[in-house]
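You will see two complexes here that share subunit A, one where it goes with subunit B and one where it goes with subunit C.
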Partner chain A sequence: MAAGKRLGIKEKYNWMTKDLTWDFSYRKPSEIYPLLEFEGIKIEDWSKWEDPFRLTMDAYWKYQGEKERKLYAVIDAFAQNNGHLGITDARYVNAVKLFMTGVSPLEYAAHRGFAMAGRAFAGVGAQVSCQMQSIDELRHAQTQIHTISHYNKYFNGLHDPFHMHDRVWYLSVPKSYFDDAVSAGPFEFVTAISFSFEYVLTNLLFMPFMSGAAYNGDMATVTFGFSAQSDESRHMTLGLEVVKFMLEQHPDNVPIVQRWIDKWFWRGYRLLSLVAAMMDYMLPKRVMSWKEGWEMYFEHNGAALFKDLSRYGIRMPKHWEVTVAEKEHLSHEVWATLYNFTHAADFHTWIPEKEELDWLSEKYPNTFDRYYRPRFEYWREQQKAGRRFYNPTLPQLCQTCQIPMLFVETSDPTLIAYRTSQYQGNKYHFCSDGCKDVFDHEPEKYVQAWLPPHQIYQGNCGGATIPDVLGYYHFNVGRDNGEYLDSEDHTNWLRWKGQVKAAA
Partner chain B sequence: MSSDTVFLALQNTEDARPIVESIVADNPLATVTQYPAMVKIDAPGRLVVRRQSVESRLGRSWDLQEIHLSMISISGNIEETDDYFALERA
Partner chain C sequence: MAVKAIRETYSGPVLDAEANFHGNRIVYIGWDRHLMYATPGALPLPPAMPFAKLLEDVLPQAYGLHPDFPKIQWDKVQWLLDGEAFEPAMQASLAENGIGHKSVVRFVTPELTGIAGCGI
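Up next is the complex of A and B:
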């Protein structure tokens, strides 16, 4: 290298990433990297790992520091200008509550997961990529907590998200998803999170939803969302790189990777059903429907990705056709279930206003008027007559995804889908063929699932009555839960906006 | 759109504007769609960001990795050198 000459991007990557490794002299590699082989993945040559972005640690800190300065300038301005009064409607904040309790703790879990994966891999390129991602995920958890803390001053339900994440029934959906990934081996973990979730699926979480936040006046959330998503491009690249690397290293890896893709695509898709409800029901102003988002980001874009991977012998994830058949049902089924059980939730639900129902009819011409709109209109009438419907029983959950059994047969949308498996004399229940497949391959893992209704009935969640359980969750009953129109959030919002509450 | 489309999504900011303009100039087949706070650029097969194009609009030297400050999402395989950043299908 000539003195004073600026390093090119490849040279810099060689000096400041690849050259950071060393050979071991007095310990065997298997002692230093004990988790490398048990998953069956064969790696011949770690030096073939190439990070396409070639981001080195010095550049990483420089750009991340710049992102933080921009983000915190927006957060400060938002707080100083009472930004919460500029959102379209207080109903919107319920999407933020679901995000804070359901997604932000996953960012922290990802921070831990990538620290584990970075330690487990034997190649320096993979180690450094995982280290950067681990730090990114910690940043995401922190910036989300800081951003959303402003809302905690004015709205209910945001006071104890991490406590709730570990206990609340519907939050066991995201929690068990991540626990499943982090308790796998390092290669499966990175395939699950970086590839299947981040590369194939998170565009749906961050792009329409964060663009939706902007559309609804929430500059604080859109800024942390896009700041996080700017790291996500790097994470997606890691996901694609690790998958291609495994496929190129040994032909025996191909069936293992395909099975992980099948499993984690389906697990991730089920997790995103909460996002479907957020997109179609919780944003007062909508950017696109769940159906349009799925078409754009999975059917179109995912198809291009899997076409690329077909040269390695990888096909589209199993059951992807089901996701297409379900796209006109998913958000409505999930919202109806949340509406049923919102007395036991940390956010409010409501029946959409007439223009919003019209929007759903327009976006879902084949299903909404036929299957869902009459149900929502009936519930609205009941609520107006003073009989707001709450479902008093506990739902049966799918053993794998832990979502209540709410998904319908795509061949007959008036039937709920039920699947079962027998294992060691017990019967297990599933919402779909996808979740049954996941269980059947690793039953010894999924029989251990911590299913909230079972735990409640066993007396492990604070007591035998719903108020006991909600106390165990740290809910402020009567303030955090229930119908939006009856809520303190609604009353406060009308007062701040100088409006009067309509007679019930 | 065909099934070999690649895309780049950028924040709708002052930093990203010259990048978007450069892409439009350098990729005649690219389609630009505006969303709230976001601009998404799709292109068939390949999409390239050229350092010199961005620099000529910015009036200063620009490191390609500065694109990380504006980027929201990508689809496609990355090829990056000191002079350009490309997304392409295999």
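Up next is the complex of A and C:
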């Protein structure tokens, strides 16, 4: 081919994406795109959709293919060199377990969601962006499974993540979050996932897991992170683009988008509670505290974003100030809850060691020594006396986020926050004003929530006893669950590293 | 208000209707300012059960591991039912005491301040 005949990027993008569409002559647009109007979003001109990446399909395959080759070379090397022995401590693998069971299935769900959105949107620019993201998400689910499968050979709890995701009590938190988004409608879905999660909050998922992996010697997960990073920046751009596009298309869209931002910011923030506990408690070598992360990524960067969006009439998400008030409490409450119920989890928990408690005291000078350290020290004493504490009662859950009702009043951190609504003669309970608002706006969506403790009591989860239920979850009882110090993971780790188990 | 969702007339069964609990009703129980128990509990209880049974069987099983628990003076406990102060009739049933399906029963022991006096 003569060099002069090559197409420029913009030209190529137009030929390879925008020109692939056609006008329909014998069907009405509403028959082709039946999901475009019911959400109330008004689009005057789909051609105004700009894809800042202008990525064409041929270039997409080429880039992704190169990344895959590099990733799988590293995964092979990691396996051949017993890479799992290079991590800081076997406790770290519990963060990987949480990622595998809680996050990887969401990547797969996102693959389905973006396929739906790509089919639903009428503009070819949006269709192509969603199609690429759909394939990205499938690739992420797949590469995470391949990367983490190495750990499955050596550690417990990694053997059946997708089965668990659909059933296990704490995994109903991420699952119900995503089901809520994908059953909403294409515009709400992309506002929820692309904007509120990928754009506003994703740094708080990606940074702790990927930097946490790097700090803790998990080169397999780091490499996966690098492989996904360029996709993630494309997804973030899509998130911002889709929101600006809706806001620019019609003024009537502004209040609808604002309400979605309010809802999905809050839902995403609640989902990140698990990440908060992971950052402060599960990484043997810590990157930064949850509080520092929240200050940097939300209070600083998030505030700048919403300042920028104010020209469209968009304000900060409702209840954002609660997230700031909670930042010195969140991770400790969540870890205490996981510690309470580890007998029914497929990962282990533990009391932080003394230096780790000191790190927490230093990072949380206003709260840790006053409210949380005594709790952990008491539990450690109990454990030393042979009475490792587990909570014998199933927890009450929030009807919206499905997290156990562990959050406290921001005005009084010794008091659990209880919120309630009545709907058609039934009582519904919430952990916060944010979750109550979401329910009150669309109660029909949440009255049918599949709340695991209630499902257990209704007899839908394998039986009446805890072992029955754990069997239904496909847990290997006595190996996957319970205290870390008593676990097979711990014993194996000491053996591999030539260390001796300390007296409890 | 109708749900905006990809399927029209999106509505679902109330999955936690009382009829689904085999004759029990769900009662949530919380001991205020005793956060060693990190969350309130959910329990399926027969509506005809006398309130006194809570004190004799249910609460000791749920909270008996706490060092404050044996110190509770039950005649001094303050009770909250769905956020309002109430005085349970010990021999009357849960239902007769107004404890409905998915009611929240909290008990408050102001003189017991938890482990290390920290509300734990």
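Everything that follows uses one rule, which is that the second predicted complex is superposed on the first by the 499 of 504 C-alpha atoms of A that agree within 3 Å, B and C clash if a C-alpha of one lies under 4 Å from a C-alpha of the other, contacts with A are read in each partner's own complex, and residues count from 1 in each chain.
Everything that follows uses one rule, which is that a contact is a pair of C-beta atoms (placed from the backbone, for glycine too) under 8 Å apart; a residue touches a chain by one contact, two chains touch by 3 or more.
Just so you know, these numbers come straight off a predicted model, no measurement behind them.
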item: Partners on subunit A (subunit B, subunit C) - clash or fit; value: fit
item: Partner chain in contact with A:A304 - subunit B first, subunit C second, else both or neither; value: first
item: Which superposed partner A:Y215 touches (first subunit B, second subunit C, both, neither); value: first
item: First, second, both or neither for A:G40, with subunit B first and subunit C second; value: second
item: Subunit B versus subunit C as contact partner of A:M405, first or second or both or neither; value: second
item: Spatial angle subunit C-subunit A-subunit B, Cα centroids [nearest 10 degrees]; value: 150
item: Which superposed partner A:Y472 touches (first subunit B, second subunit C, both, neither); value: neither
item: Of subunit B and subunit C, the chain that contacts the larger number of subunit A residues; value: C
item: Which superposed partner A:T337 touches (first subunit B, second subunit C, both, neither); value: second
item: Subunit B and subunit C, minimum CA distance [Å, superposed model]; value: 30
item: Complex contacts: residues of subunit B adjacent to subunit A; value: 1, 3-7, 9, 11, 35-38, 40, 64-66, 68-82, 89-90
item: Of subunit A, residues touching subunit B in the complex; value: 8-10, 52-55, 59, 63, 66-67, 70, 203, 206-207, 210-215, 222, 226, 229-230, 232-234, 236-237, 240, 287, 300-301, 303-305, 307-308, 311
item: Parts of subunit A lying in touch with subunit C, wherever the complex brings them together; value: 35, 38-40, 116, 183-185, 188, 333, 336-337, 339-340, 370-371, 374-375, 378-379, 387, 389, 391-397, 404-406, 408, 413-416, 418, 420, 424, 426-429, 441-442, 444-445, 447-451, 453-455, 457-459
item: Complex contact set, residues of subunit C against subunit A; value: 1-8, 10-17, 20-22, 24, 26, 28-30, 32-33, 35-44, 61-62, 65, 82-83, 100-104, 114-116, 118-120
